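Note that chain A is present in both complexes that follow, paired respectively with chain B and with chain C.
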Partner chain A sequence: MARLTPALRAVALANSRDRGSFGSIATNNFFLVTALFLQKAGAFVFLLLGVILLFPLSADPLKKLPPERLALWPLNGRQRRLLRLMTPWLAPPAWIILGLIGFAVYRTVTIGVVATVAAFFVLGFLVSLIPDTRRQGIFRYVPAFPGSLGQLSRNHFRQMLATLDFYAALLLAASAAIYRLIAPRFEHEIALAMAVLSLLALSSHALCLFGLDGPQGFTRYRLLPLHGWRILAAKNGAFLAVAVLLTLPLAPLSGLAGGLAALAFGNFPSVSEPREQVRWRFSSGASIGLGLLQTFAITSAAVLTDRFGPLILLPCAMALAASLWYCGRILDSPLSAFAD
Partner chain B sequence: MISCRQLTKRFGDFTAVDNLSFEVEEGAICAFLGPNGAGKSTTLKMLTGLLPPTSGAATVAGLDVAAHPFELKKHIGVLPENLGLFDDLTVEEHLRLTGDVYGLPHADTLHRTAELLSTLGLEHGRNTFAGRCSHGMRKKTALAMAMLPNPRVLFLDEPFEALDPVSSRNLRDILEGIAARGITVFLTSHILALIERIATQIVVVRGGTVVFSEFTSALERPLEDLYFDLIEPPPMEKLEWLGSPRR
Partner chain C sequence: MGSSMITLRNIEKYYEHGPTKTFVLRRVNIEIKEGEFVSIMGPSGAGKSTLLHLMGMHDSNWTGEYLFLDQPVHRLSKKDRAEIYKKYIGFVFQSYHLLDDLTVYENLDIPLSYRNVKKNERESIVCDILDRFNIVGKKDLYPNQLSGGQQQLVAVARAMVANPKVILADEPTGNLHSNQGKEIMEMFHKLNTGGTTIIQVTHSERNAEFGSRTIQIEDGWITSDTKKATTSAS
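The block that comes next holds the complex of A and B.
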């Protein structure tokens, strides 16, 4: 036990530090807007966020340690088996399930709820055991975008696939699209509302477009013979592609308008104050004020396009062009936040 | 091809590079040597436009680094200290990105990519995401990116570090070949034996200032001896607990 305790402590420490990254949801636009405006009606959205969060929280805690380091630790076979058995209990969902079982005993929750949460936990745990190379392999099928910036856009598209924002938006859009297919009557307003909600789920990512590039990405952007606006345009292109694809079955033109508005507001905080993001977490937005302004802009652009047609796309595109020009100049500055 | 005049970089009170001046001719292989923290990478960053100098001036390929940073990028290939790779692009996609951005015809990009992948031993990992590559593979990818656009000047920060012996020899041959064809190579390294073989010019820095600058043909004694005379080693502890009875 003398050698096992420090090993367990190291795993616990690595996991508790990692759990801090889940705090990004507190500054996520979608979460804030749902909490502020939808209130009780937002229960469905909170449930959805909870389910999405359950997956990364269920990941095998032992995965937080480099396998080479783990293999080198002077632990015998029995100690390694004990470590294997004990570490799943460092994952918060394991304790949540224990608590739910307690509630189930007193019949305050049903066995079905406990079984569902347990199933998600086991699924999340097992998925985390699949080697990263195989899990990431599916990203290879993201096609290159056309043009000289195609690979940069492809890179950003893949980065978006590694954020929880995308999966929240996907679940919202997909559930609405499926409902539209099977429901006998589907109000147009519902389609619009769900399209806007999907865009809001993506909106925080638009505020931190360089969050997953890291210092290496910053260096490469500064080395490439590209003006800042073109680098931003490549990222904006990927974001718009995701936004349009998700809203395609609901309200594509409104989705495009909302995406343009999200980026017009998002480019400035992205370049002036690039905040590092963590993969498989929700994106953390900028200030609450900017988040609310962006939300207002997305909603207005989407609703106005729905009312008055594609003409509204013009001011949205102009706003984005202006933001590209201005923020591109910030990127080009030798004293930008991207300088070493 | 490269000219520095009183190049200085300060970070607050700390002077990383202090009044650095030297010249490098076209087609030269200039080794920029010095201990860790001597200011080598900072100088490289200033010469490649990654970092603005506090004072002084530098020209690369006839372009003032501070005045024409964008134009400069079209003429140089850089292997940066942190490699500058995207975790979500594969090895081959990085090379395609480089070809596209530098405006190479598609056929040229494909041809050069195939040759570089083969020469650097990257063919087997061409579809591996950079984030999943070994350090050696990542370094080779960044090297290939630096060479693909056929730059006039190559800036390489520690190009031989983490390379296997065969790749290291291949790179040595490549650098000698391209220098003979007029490309200027400016590199940093700690592998003195290798530098002695390939470099045509040596610049040694210590504490941000040049302490030695000479053509290798004029060296009168082995580079290693010279280097250890110029760079004082830090005080050594004996670490007597290593090898003593275990506790």
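The block that comes next holds the complex of A and C.
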């Protein structure tokens, strides 16, 4: 046990540091809007956020340490097996399940709820055991976008697939679309509201378009022999494709208008203060004020398009074009220095 | 040796901090001919990378005259500079600068796609370059699935894919261990033998040995410019 304790402590430390990255949700538009405006009505959305967060939180804690490092620890076979058995308890969902079992004993929670949460935990744990390289392999099936910027758009589309924002938006849009198919009566307003919610789930990503390109990603793009507005346009194209695809079964025109508005607000913080993001986490927005403004713009654009038709797309497209022009110039500005 | 490729006359670059100017490059005069393999050396902060990025048209805040294949770069618009860059220059960076979410094949396709090369033609060019660089087996892998040396090999292949006249390399082996570095330098030597002009910034004497000419730079000044009679590649 004397050898096992420092090993367990190291795994716990690596995991607690990693859990800090979940804090990005605090400045996520979707979370903010739900907390500020939906309040009790947002219970469903909070449940959805909880389910999505459950997956990365359920990841095998041992995976936070490189296997080469683990192999160097002076542990015998029995100690390694013990470590294997003990480390899943460093994942918070394991304790949540234990708590739920306690509630189930007193019949305040049904066995079904406990089983569902446990199933999500096991699924998240098992998925994390699949090597990253194989999981990343699935993204290879993202088709090439047309045009000379197609590969850059494809790169960004794949990045979006590695954010939790996308899966929150997907769950919202898919559940509404399925409900639309099976429900005897589906109000148009519900479709619009769900389309707007899906867009809001995606919107924080529009505020940090270079966030998943790594520490040198921003410089890497600026060194391409392309105008800044074209680089942004490639990223915007991928975002719009996702926004339109998700809102297609609900309110596609409103989805497009909301997507244009999200980007018109998002391009500036993306280039003026690029913030690094972590894969498989929610995107963090720039500031609460900007997030709320963007939310207002998305909602207004989507609702107005629904009410007055495609004409509203014109001012949205013009706003995006203006932001592409202005932010493209920021990207085009000379780099301050090159390291010798 | 061929005709003049890059001519720099009286190039100066400085940063202004209030009333004071900090010079990074001072009265730089260089002529590089087609087919040369030039190594730019000097201590950290001497201005090597600044000079290289200036040649690569990543930087436009400088004074003096810059002729690239007899075209006056100093008088060209940003758009025209970008056209020259796209047509004639390939760049290799110390930190590879591959796009993380694109496979090796897709990374190699990028420089061709923004040059508006047709899809069929692009496919054959990329396949050819994969074959030349012996990385066919890696074409579906992502950069994070490759070693540093392999990533740099892909970066060199990417720089070569559009068949540039000159390759500018900024510390191309800086992040690699010696064997991987040697492999990259041998590839540069091979490309140079095939007619491509190579200009590299390096701290390594061993890497400079692969070149035919060494330019020393200190505090922004060119302090020496020596040519070798024959190129050695060991």
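The working rule: the second predicted complex is superposed on the first by the 332 of 340 C-alpha atoms of A that agree within 3 Å, B and C clash if a C-alpha of one lies under 4 Å from a C-alpha of the other, contacts with A are read in each partner's own complex, and residues count from 1 in each chain.
One rule holds for everything that comes next: a contact is a pair of C-beta atoms (placed from the backbone, for glycine too) under 8 Å apart; a residue touches a chain by one contact, two chains touch by 3 or more.
Everything numeric here is computed off the predicted structure, so don't read it as measured data.
A.B. asks: In the superposed model on chain A, is it clash or fit for chain B and chain C?
C.D. replies: Aligned through their shared chain, the two binders clash on chain A.
A.B. asks: For A:Q159, decide between first (touching chain B), second (touching chain C), both and neither.
C.D. replies: both
A.B. asks: Tell me the contact category for A:L226 with respect to chain B and chain C: first, second, both or neither.
C.D. replies: After superposition on chain A, A:L226 lies in contact with both partners, chain B and chain C.
A.B. asks: Applying the touch criterion given at the start, work out whether A:D213 contacts chain B, chain C, both or neither, answering first, second, both or neither.
C.D. replies: both
A.B. asks: One more residue to check, A:R140. First (chain B), second (chain C), both or neither?
C.D. replies: Both partners, chain B and chain C.
A.B. asks: Does chain B (first) or chain C (second) touch A:L149, or do both, or does neither?
C.D. replies: Both chain B and chain C are touched by A:L149.
A.B. asks: Which one of 23-31, 221-229 or 239-247 is the stretch of chain B that crashes into chain C?
C.D. replies: Of the stretches 23-31, 221-229 or 239-247 of chain B, only 23-31 runs into chain C after superposition.
A.B. asks: Return the residues of chain A at which the contacts from chain B and from chain C coincide.
C.D. replies: Residues 132-133, 136, 139-140, 144, 148-152, 154-155, 158-159, 162, 212-214, 216-217, 219-220, 223-227, 332, 334-335, 339-340 of chain A touch both chain B and chain C.
A.B. asks: So in the complex, the part of chain B that touches chain A is made up of which residues?
C.D. replies: 45, 48-52, 66, 69-70, 73-74, 78, 80, 82-90, 93-94, 96-97, 100-103, 127-129, 131-132
A.B. asks: Quick one: which bits of chain A touch chain C in the complex? Just the residue numbers, please.
C.D. replies: Counting only chain A, the residues touching chain C are 132-133, 136, 139-140, 144, 148-152, 154-156, 158-159, 162, 212-214, 216-217, 219-220, 223-227, 332, 334-335, 337-340.
A.B. asks: Touching residues of chain C toward chain A in the complex: what are they?
C.D. replies: 15, 42, 44-50, 52-53, 57-61, 78-79, 82, 85-86, 91, 93, 95, 97, 99-103, 106, 109-110, 113-116, 140-142, 144-145, 170, 201
A.B. asks: Would you mind writing out the residues of chain A in touch with chain B in their complex?
C.D. replies: 132-133, 136, 139-140, 144, 147-152, 154-155, 158-159, 162, 212-217, 219-220, 222-227, 332, 334-335, 339-340
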